[in-house]
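Letters A, B, C, D and E mark the chains as written, and numbering starts fresh at 1 in each.
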Amino acid sequence: MTIDVRDPVRPAPMLPPVDVAPLRRARLRATGVQAACVAVSLFMALPIVLIGLAAVSSRAALAEFPKPLVPSEFALDSLLSFLRATGTLPALGNSVLAGLYAVFWSLVVGAPAGYALARHAFRGKDAYQMFILLVRALPIVVLSVPLATMFLRLDVYDTVLAVTLVHTALALPTTVLITASIFVSVPADLEEAAQVFGCTRWQAARRVVVPLALPGLAASSIFTFVLSWNELLGATVVTLGHRTLPAQVLTSLAEASVAYRFAGGFALILPALLFIFVMRRYLLNLWGTTLR
Amino acid sequence: MRSRSPWLLLLPSLVLMAALFGWPLVQAVLAAFRDEGGFTLAHWQRLLTDPYFLPALRNTVLLIVIVLPVQLALAIGMALLVQARPRFIGGHFYLWCVPLAISELAAGLVWLSVFDNRGYLNSLLVSLGLSENGVQWLSYENTTTMLLTVVIAEIWRATSLVFVIVVAGMQVIPRDYDEAAQVFGASLGQRLRHVTLPLLMPSLQVALILRTILALQAFAVAQALTGRDFPLLVGETYEWYVNLRNPAVSSAVALVVLALSLGTALLYLRTVRQPEGAR
Amino acid sequence: AGCTGFATTGGGGMVFLSTQFRPVDEAQRFRDLLARTISGVSYVTIEEGPFAGQVRSQVDAGATRIGLLGGLHGDLAPLADGYLEDVTDVLARLGDHRWPADYLELARAGSDRTWYVPWATASYILAAHQDALENLPSGVDPAALSYDDLLDWAVAARRAEGRPVLGLPAGPKGLLHRFTQGYLLPSFTGGQITTFRSAEAVTAWEYLRELWANCVPSSTTYDFMQEPMESGEVRLAWDHVVRLVSAPRQRPDSWRMLPSPRGPRGLGYMAVLAGMAIPKGSTDPELARRTIEALSLPRTQVELLRSNSFFPAVAADLPDDLSPAIAMEAQAVRRQQDAEDAILSLPPVGLGEREGEVSKVFQDTFRSIVLDGAPIRSTLDGQARVLQGILDELRVPCWAPDPPAGRCEVS
Amino acid sequence: MAELILRDLAKTYPGASTRATDDVSLDVADGEFMVLLGPSGCGKTTLLRMVAGLELPDAGQIVIGGKDVTYLEPRRRNLSMVFQSYAVFPNKKVADNIGFGLRMRGVPADGVRRKVEWAADLLQLRPYLDRYPSRLSGGQRQRVAVARAIVMDADILLMDEPLSNLDALLRLNFRAELKKLVAELGTTTLYVTHDQVEALSLGDRVAVLRDGVLVQCGPPGAVYDEPADEFVGGFLGSPPMNFLTGTVCTDEGRPRVDFGGQSVPVPAALSSYHGKRLRLGIRPEAIQLGDGGGLRGELQVLEPLGASALLTTDVCGQTIKVQAPATFRAEPGRRLALRLPVDQCRWYDPETSLLLEVR
Amino acid sequence: MAELILRDLAKTYPGASTRATDDVSLDVADGEFMVLLGPSGCGKTTLLRMVAGLELPDAGQIVIGGKDVTYLEPRRRNLSMVFQSYAVFPNKKVADNIGFGLRMRGVPADGVRRKVEWAADLLQLRPYLDRYPSRLSGGQRQRVAVARAIVMDADILLMDEPLSNLDALLRLNFRAELKKLVAELGTTTLYVTHDQVEALSLGDRVAVLRDGVLVQCGPPGAVYDEPADEFVGGFLGSPPMNFLTGTVCTDEGRPRVDFGGQSVPVPAALSSYHGKRLRLGIRPEAIQLGDGGGLRGELQVLEPLGASALLTTDVCGQTIKVQAPATFRAEPGRRLALRLPVDQCRWYDPETSLLLEVR
């Protein structure tokens, strides 16, 4: 009696050599992917580099032609005078506040709506979506005067709260739609399991759905923050002495000299870059390996 | 559990929107059709005879028609690159999101510095000896290059938006499905067409809707690059409201934008969707 | 600060809301000046569009948060009736500053009361680089150009450089319409509105077409001439003094500032007027009045010239120690004003918020005729109808240089 | 620790044309272990989901411990459940998955840990407590789902094919433990399985569903021995019961059934069916391979099944499967004598396929 | 229609401390039906995924039809697979799911339809062809996954617990069809199951894995009858093989093994183990309940299993499970005589737990 682990009944056939061509192909593909990534990265980053370089160029260097890529003369004075100007730092604070508040409120108000869209089929769903898009679709400039009047009457005019309200409302469609599209993909049975094990619907959503929908929440947070960070008109019409950064300085950018424009533009993007950097991890999903 | 009304969850958003924008919105709509004497179409007449309106409408539509598909394709491509998880993907990913952080105006400025007569692009061309004085990219005479520069700038500025939504959507698709498709002999293209894209539908729908609406709202880039040589509808709204102080005509333009936005949004909602019951 | 946010107005105090000096550096210079002049006032800048909205909505809501307003005539005039306090008394108290009558006329905005106190003025002139001056056709005095000289010069310069070097601010925020409104048309036709479709106007537009052919094509993107001037793209430019000053300020030796050219009817020029006004329900009318007084002092206005390149609205002697660029500008402006054939054009008076649409008529005409090559005659006729439509609605008298008849009409 | 009563539960899924469950009534006594059996798609999961409150019935009533819970939220029903799809939370480590329900109840961390470890040991999950579910094998994931449910000490334990992905050994061990556990705690259990052995060995009673209808409910032995209709007999048992069609005739006053040439004696009670057609049901393992007597069948296929051998035989054109000892050897084509013990024979009406009361 | 050769396949998941498969070598002949068995988490799925190309081995080689495919992309391997998690496309209707692979291959619509209907009939999915998977029951979804794989006529068919959620009857039917199908098409099949009966009845050969190591591979009968080590014996069979520890002694020149008071005679070949400890392995169904002779055991538990009854007995402090006829009745505590046929006894080295060659 035999134990045929190797099954000696059949003679071991001659094995062909290991074919590494697919590995080579894979490596080639990886290289291709990397090249594509680099190409896209260059396309995306180059303008940022340009504006960064321009922001630290001297005026003379900016006026050269043909321009060298690296400016011939560096100068920080535009950037610095920009930062030192009255109100820039408080405005920075206001912008951060308004941005974070808007992120918070748009999630609080928008995510439940997104959840409802994702989990329920109900009459009026399309109508709701259209309504929520209505606001985004109408150029906000035509709303500006009535809006300011309303805030004055409500006595929240010229506060970060007012800006937050406007920005939250502006970001709401994005939040609702993005979160809805993600919630749709979170399996319902997980939520059901959570409910069976003693969660309220709210707890089930918070403990199970939300962590799984993290990429979507991060995406919509990024949008909200960036929107709030760059939004100009709304912030301008509802504030006066408590401006956000764009309202404080962006107004002037269009009319300043190039050096200032670049300096201002660059200064405006820096904090947003930081925010994206933080949120990126959630978007790429920390638990990327665990979710599938 | 399905019985509880979803309206409870929708209510806060409805209230916020209605409270903040409802009344101003009604006023805007009324303004477009009213003057001291009551109902009138004079504002629309004024608009239609305006030499900027039709070009603006044409440019807007043209821009969206060109930019949107390119962005969508690019964003999906980029998202697929992310899915392939190459090395340094964290860094790449970050760079790809960076344009999000940049305000429209700054984006316009950046590309102006590139396409300007004496900008980086012409600098490059001249120093490489490819051209003597550079190309007049932004000249009002070169409608094509003007459109091209605006398209490039818009693609650069706003692809990240689509990209981020698509990536977020892809993150939640279980990998099983793609693996199954591979085993069953689907090539990359087939997998995309039959598995990834259909499962991505909700995200694509959202990306398309938002992108179209936001594209209809964007004009600072075009304005920074080409001035009023390349008028866009929203730019006209601003022009009428801010510079010409004519809220009525401005509202009329705004309503055109609104109609375009909602029309396309409705189209997407109807066409780009998963069939009922799928998933 | 949680809900209200951080104050961005510096020290707080009464808000002085203004559409002027918006760029960060200019605003900062003016704030310094303001701080030296009077305390308790914070200077807040805002774009023209939201400016009007802000004032209107605050006054309408009966909750004004602003103490003092600053803006161009065009910004303030539309608010004249109903949103601004009558400042006739302030003007009366300051009577010894000798404002030009034209300015006071503007400040009444077509009514019999004064709505704002003239604050500063500016004008539009030419700037020429040394290189361009070399291409000046012989025998031409750059300080006394005619429009034909300018064209010849532009052509010569283009030939010499191999590319056009004349720049005009035809961008979306550019002020080219002021060129047609206040310079070209008055110089060619002697009027602004009444002569809009005269035969001379046709000549003027033909001229502009020719001139444009020798302009830098990206002129349509120029909002301000300072950058193309600094970058060397433009060697010869026409613009608002403030928008010209930065290049000469850096290289005073390379640039010369010249008065605008003259045409068959004379040297048409336009003065821009900024004023200060008090909104209805001002938070602190007393302080606002004092601020107006302080900023109306000739001494302060000269300082404003030094720091922000706006010229005094009051009669003030310019000191000798101005920076070269400003001195050059001042000289050019003065020459322009003092020319014996000078024709002063005003920005529209009494049009209120329709002013922009009048500007638009000139912009659209430019676009059709010069950029799109439309037939001049019919374009002028068409635009004249639009213009007339606006004027008919408003029933206002004409303003300089047109004769102040009972009602303004395009003839 | 509660009695579960289902009354006329009906459920039609939106858009579906047939009922997923059709007036199902079932009483599960306090502490009873009820096994649900039925073909794929017969409504077992639907039933469980209604009990859990995840699906609301269109009609009918659910009572737990004397309290009507028909429309109550799931979390107030104090039950726990193993989902057919596992529904293991991918964002929680195994330990947190298992302890989830306890933590929701506010059990202190220490108590949770102890329970989790107990369950992990029981299901051999100890080495994986610190992993995310995506890094587990299929069976390991299923065990996590089971562990999560059993730590709960709920009133009602619902299990939807909880062991389908586990190997026999693990199953065997766990089955014993589960039985002990449930008995100790007195948890009322509703257990879906398609594993016969599991159904028969675990269940206090077995309920058989078919197309949403409850067909039979009784102790395992009864259901197995005396299937209420042909469906149950054919469904239960692997291989299932044999069914032969014959006609009742009388031979010397004693009734026999004739299968087309061969006949067997039947109980006297069947005399009343004289001349009628009947269906004989007999389990393959009840048939004895004798040396003579009974029916003669021709061996067609012999399948060795390890512990036994399965013979497929032909009797007068009808197929009979016979379970023979593993040692049985024969060539196809051989004639076999099949003895059908009378007390193992069940008789069915060919029209209604219902069991005839014979004794 | 191709031979599959695995050579020394090793795979460690990133971040894992142990190997998921450890130098597995396996030759599956063209058209052979190979069943993979092993406890949960032993690496079955991993092995299948490597064959499919979804996971790349760290070392080793995979050859299909004489062509090395170790690193080849999945879609070029011409195989099809049933995933343990089904992986049924939620965005496609059942019919499109089943026809997916064919359509990818460019089979004309008509051919696809015919194949799809054939598979749907086979798996009783006809009524559901037009539904989306989210509206199917668990077992129906699994059947879709199976149908999708079998329509492919691929060279290699990989099935990962394809019937785990199906009821016995469906399984039985499908098993037979599958066997026929595979035989007709000559598809080489690698089939993971934890169902003993399935493994033994379907497999041409059975490969047993344990902790990533291939422990035994052979025809079902051989693996069942002569487990290569105690693990295999304990793993296969339900209930599994009994193992008893005893010491070899010699009684009148003939070797016996003593279990602490009682002893049985053993083959002469074992004399060389005199005085040493040995492990006796015997299957529960091999033990005969006699009237006397053999070992004496005390009955502890009697479990009726439908077709048979399972007795748990105590022999000198060691537990022996015995499979008795279903009709067996006895009270716990009764003493039984257990006869262990010598040819059914297997002997294992207690140290290595490997099978001793006795014959």
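Basically, a residue touches a chain if its C-beta (ideal position, glycine included) is under 8 Å from a C-beta of that chain, and two chains touch if they have at least 3 such contacts.
Note that the structure is a prediction, hence the values are computed from the model and not measured.
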Would you mind checking which pair of chains has the most C-beta pairs in contact? A-B
Chain nearest the global centroid, as defined over all protein CA atoms shown: A
Chain centres computed over CA atoms; the one at greatest distance from chain E is chain C
Could you give the separation in Å between the centres of chain B and chain E, each centre being the mean of its C-alpha atoms? 57
Roughly how many whole angstrom separate the Cα centroids of chain C and chain E? 92
Which whole number of Å gives the spacing of the CA centres of chain A and chain B? 15
So, in whole Å, the Cα centroid of chain B is separated from that of chain D by 58
Multi-chain contacts in chain D: which residues touch at least two other chains? 15, 53-54, 73-74, 85, 135
Find every residue in chain C that makes contact with two or more other chains and list them. 47, 49-50, 223, 231-233
Each of the following residues of chain B touches two or more other chains, namely 1-2, 118, 174, 176, 199, 238, 241-242, 277, 279
Taking the complex as given, what residues does chain B use to touch chain A? 1-2, 4-10, 12-14, 16-17, 20-21, 23-25, 27-28, 31, 77-78, 81-82, 84, 86-107, 109-111, 113-114, 118-120, 122-124, 126-127, 156, 160-161, 164-165, 167-169, 171-176, 199, 202-203, 205-206, 209-210, 213-214, 216-217, 224, 234, 237-238, 241-242, 247, 250-251, 253-255, 257-258, 261-262, 265-266, 269, 276, 279
Chain A residues touching chain B in their complex are 30, 33-34, 36-38, 40-41, 43-45, 47-48, 50-51, 54, 65-69, 108-110, 112-113, 115-117, 119-122, 126, 128-139, 141-147, 150, 165-166, 168-169, 172-174, 176-178, 180-182, 184-186, 192, 195, 201, 212-213, 215-216, 218-219, 222-223, 226, 229-230, 232, 246, 250, 253-254, 258, 261-262, 264-266, 268-269, 272-273, 275-277, 280, 283-285, 288, 291-292
Residue numbers on chain E that touch chain B, as the complex places them: 52-54, 73-75, 78-81, 83, 85, 87-92, 100-101, 104-105, 131-132, 134-135, 148, 152
If we count contacts the way the header does, which residues on chain B are in touch with chain C in the complex? 49-52, 112, 116-118, 132-133, 136, 138-141, 223, 225-229, 235, 238, 241-246
State the interface residues of chain A toward chain E in the complex, per the touch definition above. 1, 3-7, 10, 12-13, 15-23, 25-26
